[in-house]
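There are two complexes below, and they share subunit A, which is joined by subunit B in the first and by subunit C in the second.
What follows is the complex of A and B.
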């Protein structure tokens, strides 16, 4: 039972980091990306590659994952950010599809569909993280670090610039905001921090393959953000907890046959989204509606 | 000589044209906005007044012609760069930062040059002064989207005040204001003009035109038909006929 709870905590932390970093661009900058799982994947593959071929140092592997993911996001964002709103959603969907194809086809680096196996446990200042219990501490520490970094950013001038751009890009420009630079930087920060979740995932599972980084994952992350509350710091964490806890909670309901769990889970997700958007468009934590009621 | 002719040019527009496909929205416009002078742009709907603002602020690129600010060309300059030169504007549809509070709307404009690693020291006294001058002190923590219409108009002005621009381009700033708010608005504008801010207003309200204008420019179908004092322009029967759609 303890191992089960520890496993849930590690996976929750990873998902919460991803939801927080997606919310950073989605909730604060108004950039709706369907490609967040790609940066999760880039982080995971980079950390795995480094651990298998270069060093098992946690710091170096994580740093490499962040740098590669952030740089890649800038390269992808520069052309994609020229389009706004629903057009960016479509562009990000394209990026997601390209990313998954590369993950599954670039066999010499990613291992193709089979993925990368036997990733060694990471070492930090001589301390090796090998048990689930150790990963609980590590993942919660990384989650806390990401939360602090994002809190500092969104509560400062950078966060206000992001929100101004989200609310009116043309007005933000008219008041001196270098919109493209701010948006690109926000995407790089988001992708870089999402790569930390990728690194954690790779080390924890000691295995990565493309299945964890598909469009389904990107949509699930978006669901976490929306359910919890876009544009809030706590919302994505609550959203991640609810989305993660739901499958576990359903298993305790005796009247649901185990063979139908997956289907019922999907229906509940769908219903939750519809009801939330109708009655609490700001999400569970966001509370306030996005527009003034008539 | 009048003050309007003595003052130095902040902004010079020469031979400006803007075509949208086959539509000539701005046609060979020459206009000077002089330091400390309040210029009002009048004309019927579709005359090209807002297009002219969009060309000055870089939101649109001219087809031909020049726009220069203190002698420096603004052509091909991004809107955010033009804003940082000291040209501020409001929008007809306000475009407030709706989900930010009143105070955040003001603060973010004051932090225009900030990066991740820069800590902008906000001038709190200035924020308070702007809130006081616009009558928004008690609304500081309310979201822009939750404000009443007149308050939203004043917040639009508050952002401009926070930007510390030398030239204000105001697009129908007084439309829809109740009489009390209108009086406050006029006195606010007068006080900033007295402090040396150059103002160019698009306005249909003739009270504003008469009360505030040092000079009035009349546009119709993209052309600058006349420029002069409000008395000269408003008394011209030909312009009046165009303005009221009787030509």
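What follows is the complex of A and C.
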């Protein structure tokens, strides 16, 4: 039972980090990305590749994951600088599809559909993280770190610039904000921090393959952010908790056949998205009448 | 010969994509609703047809009618019960998109529960390929697909240029406030846009079911193709969406001569990326840069 709870806590932390970073661009910058799972994946693959081939140092692997993911995100930011809203959804969808194809086809690096196995436990200052208990501490610490970084960014001038751009790009530009630089930077920060979650996931599972980084994962992350509430710091965490608690709660309902669990779960997310958008577009945590322009 | 074969397959797929994309483009261009559940309409139409034609044996016309009613109702009711409610209090792009996306997820999974997750095909005499010239296999269905697409577009063109409804719909896309000023009802017009747009997927869904088969998870792919085609074609331009749909169908098939099949979807999006970066306005029309 303890191991079960520890496992849930680690996975929750990973999902919460992803939801938080997605919310950073969705809620604050107004960039709706359906490709967040790709940055999660890039982080996981980079960390795994480093750990298997170069070093098992946690710091170096995580740093590499963040840098690679942040650099890649600039590719995503490129179309985002030219267009907004509906165009960007399409572009990110495209990136998601291309990313999954690359993950499963670039066999020499990602191991193809079989994935990468036997990732060694990471070492931080001579301390090896190998048991689930140790990972609970590590992942909660990373989650807290990400939360603090994002909170500082959002509260500071950078966050205010972001929200100004979200609400009116031309007004922000008129006030002398470097719209393109701020947008690119926000995407890079989001992708870099999402890569941390990827690294955690790779080390925790000691196995990565493409299954965890598909469009469904991106949709799930989006559901977490939307259900919890966009544009708030607490929202994504609540959303992650709810979305993760749902499968566990469903298993207690005896009348649902276990083969249909995944399907029923998705129906519930879908319905929740529809109903929330109709009656409470700010999400569970966000305010009711919160106006958001897009 | 391989190229010719791929070209013919490409035209067949392209004709289907053109119809689907035109439906999405029509809804998005006229009502500004980002109808991400358009892919779900496709899945729904395909499976209703399969149920009525293959399982209940109703015959072709009643089954087609049932599929058209189902998809039309789905579009109109989704608009009335979800989008209109949302637009009453804010209606930003994102809120509508999230709700539409949620609806798509619900439909896709309901279909998966009822019909299973596998591929289903409606078999007919016309879907069997015949060898036209040595090495070239063409199913009569390819011809049917092209004819159906051409007929649909001819009717659409007529409706949008020669009838009051069509002209009013185009006005709605251009300037919604002015539509009110002229005493037309925006909500009624939006209803027609959803009806026409949703029914447009029926021929595509039926023909796909008869050739390559349909599955519950196909909705995502259809949604992506229609969004991509709408952007590449230029928002608000039916002609552009149709051309872009054809382009994607051709690209998806012709690329098979050079790369492995698993890359064909990626090719579509490379085209999309190039358009977004270099020509965000698409073939025709204007970019929405807000």
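The working rule: the second predicted complex is superposed on the first by the 284 of 294 C-alpha atoms of A that agree within 3 Å, B and C clash if a C-alpha of one lies under 4 Å from a C-alpha of the other, contacts with A are read in each partner's own complex, and residues count from 1 in each chain.
Keep in mind that, in the parts below, a contact is a pair of C-beta atoms (placed from the backbone, for glycine too) under 8 Å apart; a residue touches a chain by one contact, two chains touch by 3 or more.
Every value quoted in this text rests on a predicted model; they were computed, and no experiment measured them.
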item: Partner chain in contact with A:248 - subunit B first, subunit C second, else both or neither; value: neither
item: Touched partner set for A:97, first subunit B, second subunit C, both or neither; value: second
item: Which of subunit B and subunit C A:219 touches, first, second, both or neither; value: second
item: Comparing the two partners subunit B and subunit C, which touches a greater set of residues in subunit A; value: C
item: Which of subunit B and subunit C A:278 touches, first, second, both or neither; value: second
item: First (subunit B), second (subunit C), both or neither touched by A:78; value: second
item: Touched partner set for A:89, first subunit B, second subunit C, both or neither; value: second
item: Partner chain(s) touched by A:267 [first = subunit B, second = subunit C, both, neither]; value: second
item: Intersection of subunit A interface sets (partners subunit B, subunit C); value: 291-292
item: Subunit B - residues contacting subunit A, complex; value: 57, 59, 78-80, 83-84, 88-89, 91, 95-100, 104-105, 107-109, 111-116, 118-120, 143, 145-146, 159, 163
item: Contacting residues of subunit A [partner subunit B, same complex]; value: 153, 156-158, 160-161, 163-164, 166-168, 170-179, 185, 189, 231, 288, 290-292
item: Parts of subunit C lying in touch with subunit A, wherever the complex brings them together; value: 28, 34, 82, 85-86, 89-90, 92-99, 101-106, 108-110, 112-113, 220, 224, 227-228, 231, 235, 260, 262-263, 265-266, 268-270, 272-273, 276-277, 280, 287-290
item: Residues of subunit A touching subunit C in the complex; value: 26, 30, 32, 78-79, 82-87, 89-91, 93-95, 97-98, 101, 104-105, 169, 215, 219, 222-223, 226, 230, 260, 263-264, 266-267, 269-274, 277-278, 281, 289, 291-294
